[in-house]
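Down below are the structures I want you to see.
Look at the two complexes coming up: chain A is in both, with chain B in one and chain C in the other.
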Partner chain A sequence: MGNYRLKNYLICSLILLGMMLFPLFNNNFVIRFGTDILMFAIMASAWNIIGGYTGYASFGNVVFFGIGAYVTAILMEKAGLNFAVAFVLSGFGAALFAILIGLPVLRLRGHYFAIATLGVAEAMKALVQNLELTEGNSGIYLPMLDLSVKSQYYFFFYMMLGTLVVTLLVTYLILKAKFGYSLIAIREDEDAANSVGINTTYAKTMAFALSGFFTGLAGSIYAYQQAFIKPGPVFTVGTTVKMIVMAVFGGIGQLFGPLLGAFCIEIISEVLSNYFLAIHTLFFGAVVILAIVFTPKGMIDIASQKKFGLAYFLQNIRENRV
Partner chain B sequence: MVILEGRNITKKFAGLVAVDRVDFKLHKGEILGLIGPNGAGKTTMVNVIAGIYAPTEGDVFFKEKNISGLKPYQIGRLGIGRTFQIVKPFPGMTVRENASVGAMFGARGKGRSARQAEKKAEEILDFVGLGDQMDVRADQLNVASRKRLEVAKALAMGPDVVLFDEVMAGLNFSEIDRAIDLIRKVRDSGITILIIEHVMRAIKRVCDRIFVLHHGQKIADGSTDAVLADENVIQAYLGKRYKALVG
Partner chain C sequence: MLLQIIINGLLKGGLYALMAMGMSLIWGVMDIINIAHGSFIMLGAFATYWLFTLLGVDPFLSLLPSIAMLFILGYIVQRYLINLIIRSSAFITLVLTFGIEIFINNLAQVLWSADVRMVQVPYGAANFSIGTVATVPIVRLMAFLLVIVISLILFYILNRTTLGRSIRATSQDLDAARLTGVDVPRTYAVTFGLGVGAAGAAGTLWSILFPITPMMGGILTLKSFVVVIIGGLGSMLGPLIGGLILGLTEAMGTNLLGATYENLIGFTILVLVLIIRPKGILGGTD
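Moving on, here comes the complex of A and B:
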C-alpha cells in the first residue's frame, strides 16, 4: 500500500515536472497550444466536481468562465485594479453567482437541471450583451500585460498550470474529506444521502460554488491573455460542451480523468483539423462517439488498469452499457 | 419513557388523506409494530416521522422536541435512522463505504473523521452479518444482503430510534429467521424500533406492541396478542382465513 502511494506521488511529480519544463523547449505557438489545453483541463476538472462527483450534469458552466472573464475585464479596465486582485475576485464572483443560482436550480434533478443551467448561461449572455457596464456586443479591451512577448507566453502558461494544480489539489483534498463522501453519496442516491444526515442542499451548493470558482479563475486568465473579450465567444455553449466531452472522454468522477481528456481531445482535434480542415468536426464527433461507446469509464480507466484488448472492451461494455 | 410520539398526525396529498389523525407513542427500548393493508398509509407515516413529508396537521415529538417540518438530514442527525422499503444503497460504493457514510453524517458523525467512521462502519457491518462482504460493491449484493446493508446504514448513524420499513419483504424463511435475530439484537443494544412489516411470523415474534392503520386511520393499538385477536384488525387486514388458522 505504502509502495503504491509512493509510486503514485512519483508519477504525479514527474508529470508536473514535465509540464513545468514544457515551455522551455517549445516555441510560442506550442506554448500557446499547451496553455489552451491547461485552460480546458481546469474547466473540465472544475466541471467534474459538480458533474462527475456530485452527479449534477451542468450544461451551463461556461457562465462561470464568462463571469470570471468579465469581472477581470471590468475590474482592471474600469476600476483600475491590478490583475492579481481581479484574478482572485473573479473566482469569488463566479462562486457567488454559483451559490445564488444554485440554490433554486440545484433543486432540479437530471435533465431538468441540465436544461436550467443551459438557460442560465444563455440568459447571462443576453444580459452581458445588453448591459452598459459590459459594453454590450462591442466588448471590452483589457490593459496589456507589460512584458516581452516570450515572457507573456510563459506568464499565461504558468498561471494556467498553477490554477490547474490548485484545482486538482483541492479536488483531491475534498475526496479524502467527509465532504467528498457527501458529494458521491448525493450522486449515488440523493434521498438516501439526505436520510443518513447529509445536508444535501449545502453540499450541492458548495460543490457548484467550487466548480464555479475554478472555472471563473480560468476565465480571468483567458480574458487577460486575450486582452479583448466580447459576449459571443466568451459565453458560447460550445465551451460547456467541450468541458463535458473532455471530462467524459477522460473519465468522469476520476481525479485525473478530465486532465487526460483535455489533453487527448485538444490534440485529436488539432491533428484532425490539420488534415481535414473542412470536415474535421465530423471526424472529431466520430472519435468521441467511438471512445465513449468503447470506454465508458474513460481513458483514465484504461491508463490506470493497464488493460487493453478485446476482452477488456467487451467486459466494459457489458458492465456499463447493458 | 416516551421517546417518539405522534399527535394527531395527518398527511394529505391533494384530496387523498393518506394518514388521518393518528396518535402513537413509542416507548424507549420497545419494538413497536406498524401493520395494515397495502395503501393504508404506513410508509407515508414513516416518511412523515423521518421528515420526507411535513405533516399537514399534527406534530411529531422526538425526546419531547417537536420535530415536524424538519428536514430528513436534521432528523437523522438528531438520532432517528430509517431504512427504505425499496432499498436505497449507494450502488457504486462498497459496502464499507455505504455504512461509513452513515457513520460520518448521522447522529454520532460530528467530530468523527472519515477514518474513524470507517472503523465504526466495520463494527456495524460485523454486527449485522456483512463482515465478509465489506469490499463488495453495493449493487452486487443479493436481496437479503441489501436489506442488511440498509439496516447497517441506519445503525451506523448511531441512532436512538430506527424506523424499519419492510426489511423482511422478499426474504425466504431462513433469511427471515436471521433477520428476526438481528432485530432483537438491535433492540438489545439499546435502540428503540418502529417496524413496518407484512410478515406475520416476524411481527408476532419481535413486537412488544402493535398499531394498525387502515385507510390512513388507526383502527387498533395495544399488545401484540390483543391486537392480532381484534375483530376489526382481522376484518381489515388479516382475513378470516387467518382467524381460522389461529383458531
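Moving on, here comes the complex of A and C:
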C-alpha cells in the first residue's frame, strides 16, 4: 500500500515537473496553447466538484468565469487595484455569487437544476450587456501587464498552472476529508445522506462555492491575459459545454479526469481548426456527440477496463439504449 | 396603446406556445431536455425559406412539407443517436443534444452563410383595425390560428389514437408499457419525431413573421424552456398558457424597459418560477 502510494506521488510529481518545464522548451504560440489547456483544465476540474462529486450537473458554470473576469476588469480599471488583489477578490466574488444563487437553485434537482443554472448564466449575460458599470456590449479594457512579451506568456502560463495545482490539491484534500464523503453521499442518495445527519444544504452550497471560486480565478487570469473583455464571448454557454464535455471525456468524479479531458479535447479542437478552419466548430459538435456516445464514463474508465475497442463501446451502448 | 401591446404579446405568445409544445412532449415522455430544439425550429424556418425562394411555394402551404421533413429527421436522430445513451444519467443526454445543436447550427451556417434572411410574402403588410386603438396584422393572426389547429391535432393524436395511448403508456411506466406489447424504441422515436415536427411547424411560422439566421436556435431553445417551466410539464395546456404569459410579459416589459431587456425578462421569469414553483403554475404531475 505504501509503495503504491509512493508510486502515485512520484508520477504526479513527474507530470507536474514536466508541466513546469514545458514553457522553457516551446515558443510563444505553444505556450499560449498550453495556457488555454490549463484554463479549461481548471474549469473542468472545478465543474467536477459540483457536477462530478456532488452530482449536481451545473449548466451555468460559465457565469463564475464571467464574474471573475468582470470583477477583475472593474477592480483594476475602475478602482485602480493591482492584479493580485483583483485576482483574489474575483475568486471570492464568484464564490459569494455561488452561495447566493446556490441557496435557492440547489433545492432543485436533475433537469430543473441544470436549466436553472443555464438560466442564471444567460440572465447574468443579459444583465452585464445592459449595465452601465460593465459598459454593456462595448466591453472593458484592462491595464496591460508591464512585462516583456516572453515574460507575459510565462506569467499567464504559471498563473494558470498554479491555480490548477491548487484546485486539484484542494479537491484531493476534500476527498480525503469528511466533507468529500458528504458530497459523494449526496450524489448517491441525497435523502439518505440527509437522514444520516449530513447537512446537505451546507455541503452542496460549499461545493458550489468552491466550484465557483476556482472558475472565477480562471476568469480573472483570462481577463488580464486578454486585456479586453465583452459579455458575449465571456458568458458564452459554449464554455460551459466545453468544460462538461472535458469532464465527461476524461472521467466524471475522477480527480485527474477533467485534466485529461481538457488536454485531449483541446488538442482535438486545435488539430481540427488547423485543418478545417472554416468548419472546425462543426467538427467540435461531432466531437461532443462522439465523445458522449462512445465514452459516457470517460477515458479513465476505459483505461481501467479489461475490454478494449469495439467490444467496450458496444457494451456501453447495450447498457444505455432502450 | 395597451390593447395593441396585449394583442402583439398574445400573437407572439401563440408561437412560443407551439415551440414549447414539442419540447414539452419530448421532455415529458422521455425525460430528455432537447437543447437542439431551437436548431430544429431553425431548420423548419429554412425549409420554408428555400421552398418559398426556389420553388415559390407559399409559406403557409410549406407547413406540411416542413413538418414532414422535421418529423423524419427527428425520428432518425432519436432512433440512431439519442437512443444509444438514453438510459445513462440525465445530464449525459443533455450534453449530447448540445453537441447536436452545435453540429446543426454550424452545418447550416456553412451551407447557407450567416446572412439574415426574410420570407417576404406579398400579403405580409395586410392588417385590419379594431376601432381606432389597435391593428392586427393578418399573417400574425393566421399564424396564431394555425398554432391552435396544430395543438388540437397534437392533442387528438395523443389522447384519441392507439399511437397516443402507447406514447402516454411509455411515459407513465416504461416496463409496464413494454409488457403490454408497446414497441418502446419505435414509440420513443415517433414521439421525438412529433416533438421535432412541431418545432418545424413553429419554424415555418416564425420565418413568415421574423427574420431568420442559422444561429437563431439557441435563444429559441431557451425561450421554449421558459415556457415549459412556466406552464409545467404533463399537459398540453401548460405550454399554451406558458407561451401566452411569456409573450405578454415580454411585450409589456420591453415596452417599459426597452427592447434590449427582452432576454433578461425571460430568464428572470425562468429562474424565479423555478425557485418559487418548480412544477409550473399549473402544477402538473411530473
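Heads up, the rule we're going with is that the second predicted complex is superposed on the first by the 285 of 322 C-alpha atoms of A that agree within 3 Å, B and C clash if a C-alpha of one lies under 4 Å from a C-alpha of the other, contacts with A are read in each partner's own complex, and residues count from 1 in each chain.
FYI, a residue touches a chain if its C-beta (ideal position, glycine included) is under 8 Å from a C-beta of that chain, and two chains touch if they have at least 3 such contacts.
Here the structure is a predicted model, which means the values were calculated and not measured.
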Scan A:D191 for contacts with chain B and chain C and give back first, second, both or neither. first
Per the contact definition in the header, classify A:K176: touching chain B only (first), chain C only (second), both, or neither. first
Looking at A:T200, would you say it contacts chain B, chain C, both, or neither? Reply first, second, both or neither. first
Using the superposition on chain A described above, determine whether A:P143 touches chain B (first), chain C (second), both, or neither. neither
Which partner chains sit in contact with A:L118 here, chain B, chain C, both or neither? Use first/second/both/neither. second
Could you tell me if A:G232 is touching chain B, chain C, both of them or neither one (first, second, both, neither)? neither
Chain B versus chain C, judged by how many residues of chain A each one touches: C
Counting contacts the way the document defines them, which residues of chain A are shared by the two interfaces, the one with chain B and the one with chain C? none
Which bits of chain A are touching chain B when the two form their complex? 176-178, 181-182, 184-185, 187-189, 191-200
Mind pulling up the chain B residues that touch chain A in the complex? 50, 52, 71-73, 76-77, 81-82, 84, 88-93, 97, 100-102, 104-107, 109, 113-114, 117, 153-154, 156-157
Could you please specify the touching residues of chain A with respect to chain C in the complex? 51, 57, 59, 104-105, 107-108, 110-112, 114-116, 118-120, 122-123, 126-127, 129-130, 237-238, 241, 244-245, 248, 278-279, 281-282, 284-289, 291-293, 296, 317, 319-322
Partner chain A, residues of chain C touching it in the complex: 27, 31, 33, 81, 83-92, 94-96, 98-107, 110, 174, 184-185, 188, 218, 222, 225-226, 229, 260-261, 263-264, 267-268, 270-271, 274-275, 278
